[in-house]
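These notes open a run of structures that come right after.
Common to both upcoming complexes is chain A, partnered first by chain B, then by chain C.
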Partner chain A sequence: MGEGTGMTETFGVDFLVRWLAAVAEAVDREADRLTELDSAIGDADHGANLKRGFAAVTTILAEEPPATPGAVLTAAGRQLISTVGGASGPLYGTLLRRTGKTLGDGDRVTREQLAEALGSGVAAVSQLGGAQVGDKTMLDALVPAVEGLRASFGAARAAAEEGALATVPLRARKGRASYLGERSVGHQDPGATSSALLFAALDDVARTEGAS
Partner chain B sequence: MSAGTRVGIVLVSHSAAVAVAVAELARGLAGGGDLAPVLPAGGTPDGGLGTSSELIRSAAEAAERGAGVAILVDLGSAVLTVKALLAEGDELPGNSRLVDAPFVEGAVAALVTASAGGDLDAVAAAASEAYAYRKD
Partner chain C sequence: MRMLINVPETVVADALRGMAAAHPELTVDVERRVVVRRDAPVAGKVALVSGGGSGHEPLHGGFVGPGMLAAACPGEVFTSPVPDQMVRAAAAVDSGAGVLFVVKNYTGDVLNFEMAAELAEDEGIQVAKVLVDDDVAVTDSLYTAGRRGTGGTLFVEKIAGAAAEEGAPLERVESIARRVNERCRSFGVALSACTTPAKGSPTFDLPPGELELGIGIHGEPGRERRPMMTSGEIADFAVDAVVEDLRPSGPVIALVNGMGATPLLELYGFNAEVQRVLGERRVPVARTLVGNYVTSLDMAGCSVTLCEVDEELLRLWDAPVETPALRWGR
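Right, the complex of A and B next:
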């Protein structure tokens, strides 16, 4: 829950748990769309894979509630690596786990700290997959989103959505889509699309707290 | 490395059938005698195509005999899942290594080398060297 009366607002375990629950809802709602995007340039499993992964995250957080915001994200990341079965598992798993580890064991975090930690998570994703911005991957949404988060939750959401849309004219350089070469042009990247869902959910949860 | 312990090999494929068949092929081509352990970790636990950290973990634990585990992978999520599990630190036996090698040729080279008593460095090097054999 956000706490702040003129001071810098901070967020605790509840906030992170509600963020991941909101991601699970969004992924569930958008699963068909993600799979449809993935059927154009991937192997048509992105929606189902993420739906299974984030449902498992919701379960583990309910069964074994972590004590700190960092631990919430670390547990979620491990769960994604264990349950997804496609490349999005280790990629999103690494994003959340590294972010959680960077947050450390403080009870509360600021938006700026979350942005900083997500920055390290995004760097770990880039290292794991060997991808850069412009390769038509989730990084095209994640990198601008983290920059946006330094300003506000709303800016992060807008930047992620813009980044996902900007993948349409790109040619894929990583993953299965890269085998398609020029034929990957004209399709929105499913990973960038699901990454935008993460930041839309974060903004939604922040708004219900009255945070910006 | 204590006498008699050998490097174990884990074969991670998106397909259970591929992982099992490549393990069989490697055993067949490695010749007779007492072979090093080679464990398939293919597909998802429900039999579908994909990568399962659970299957990889149990195969690595079964392959570990005290001399380390060489993990060979096919592509995409198999590569990323093993890398992510290794980065985790405690998910795989301590001396597990992702080996950069062609899946089929690397499996054969790794098993021959491991069965001959080569250490993890030697097994990894033999598997990687399989990239150098050109076919045209």
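Right, the complex of A and C next:
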């Protein structure tokens, strides 16, 4: 539960676990759409891969409940790396693992701390994949989302969705879509779309807590 | 689309179970998705480990055996395997002489193999990596993920595998693998898109009467679409693209590869055209291989790979190999 009315709200293990469960649900619900987007400019497996990965995350968090918010994300990231494959496994896995490690071993985290830690996670993704904002990748949603999270959960969600939509006119410069050159223009990037789902789920879970 | 499957979720596991039953000379771990030659680790010899998404059969599992790969890690369809598989494979085949990872240049494969190499080194296994990027259809390497690994993979695995079988040390096997990759170029053409089991419908629309030039092996669309061409016209286009990039000064080995749904009757006819173009371009052909080796599920179409060889590479190509899909010289 979000704690501390009147002071800075903090979030514990259960909040992070519910976030990842909400991501698993969203990915399951949107799997066909992600796959559809991926078949236009990729190889038609993004939905199925993330669905498998986040289902495995839900399982491991139930079987071996971590003790801290940081440990939740670290365990989730490791699980994604071990189950997803493709580029999205190492990239999403690194995002959560690095974010978890940056959070450290505190019992509770603030929204600002989460934004800070996600910022280091996003930097690690950028370094691993060698991509920048504007390359038509998940970073186009992640980078503005982290900026938005410094203000509110709702702002993070809106920024991520806007970032994903903004990939439509871009020409892909990384990943499999880059082989299409100009023909990648006019399609929304599946990775940016799934990244937006992460922040929509985070906002949903925060709302049920009454947090903003 | 009708497919000979049970459910999409078990396609890879089902195929591995069938492979295990057909090939007692391989150890197939269906659960952990690793295919290993039964006599591994082979004392004193370097071991080649490759892997990649499923859907390209016989690549890579069909190339496991004496003279080629020591182990292969199949991922989900068109999805790179995970680091755990490669680490397990490396541990199973390492004799102490080291392991060479053969990695096709796709973002997912590169990232997962990099993570695996770090983890394997933590376990005390000496690991070298070679990246295969032979596809000339990707012209703009600066603004893309770089050239893709396609038919050249077969040459790297066969020739470096032969060097490993002869007992060459890791750095030698690695340098031969790099040399082979540098001398390989490929170009692919699709006459139809392929259908992944998970999606159940073609990955791109190809109107009747058109073909797709410069395709990869994952059902991703190519760079250019044209009205249907004859086998001879396709051979002119594909061989020219390869030769202009490779500019061979000596003999080549030619691979005329089917993408999965093109009959051998058509592939042999196409090979006749490929040999004609090579003759016109005065490129001597030392060996030719025709068949479905680096496929893209049920895609119709073909690719041409040329590998320029010197005496040593040709000798290693001719060396004995004993795998489910490639077998000669014993």
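The rule is short, and it goes like this: the second predicted complex is superposed on the first by the 212 of 212 C-alpha atoms of A that agree within 3 Å, B and C clash if a C-alpha of one lies under 4 Å from a C-alpha of the other, contacts with A are read in each partner's own complex, and residues count from 1 in each chain.
Just so it is clear, a residue touches a chain if its C-beta (ideal position, glycine included) is under 8 Å from a C-beta of that chain, and two chains touch if they have at least 3 such contacts.
Quick caveat, the model's predicted, so the values are computed rather than measured.
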| item | value |
| --- | --- |
| Fit-or-clash call for chain B and chain C when the two complexes are aligned on chain A | clash |
| First (chain B), second (chain C), both or neither touched by A:Gly175 | both |
| Which superposed partner A:Ser39 touches (first chain B, second chain C, both, neither) | second |
| First (chain B), second (chain C), both or neither touched by A:Gly129 | both |
| Touched partner set for A:Ala87, first chain B, second chain C, both or neither | both |
| First (chain B), second (chain C), both or neither touched by A:Arg97 | first |
| Partner chain in contact with A:Glu209 - chain B first, chain C second, else both or neither | neither |
| First (chain B), second (chain C), both or neither touched by A:Asp28 | neither |
| Per-residue touch tally on chain A - higher for chain B or for chain C | C |
| First, second, both or neither for A:Arg78, with chain B first and chain C second | first |
| Touched partner set for A:Glu162, first chain B, second chain C, both or neither | neither |
| Contacts on chain A seen with chain B and repeated with chain C across the two complexes | 45, 49, 81-82, 85-91, 128-129, 175-176 |
| In the complex, chain A residues that touch chain C | 35, 39-45, 47-49, 52, 81-91, 128-129, 171, 173-176, 178-181, 183 |
| Complex interface listing, chain B residues touching chain A | 44, 48, 50-54, 76-77, 80-81, 83-85, 87-88 |
| Residues of chain C defined as touching chain A within the complex | 53, 75-84, 106-108, 111-112, 115, 137-138, 140, 143-145, 148, 196, 198-199, 203-204, 216, 218-221, 223 |
| Chain B partner contacts - residues on chain A that touch it in the complex | 45, 49, 78, 81-82, 85-91, 93-94, 97, 124, 128-129, 175-176 |
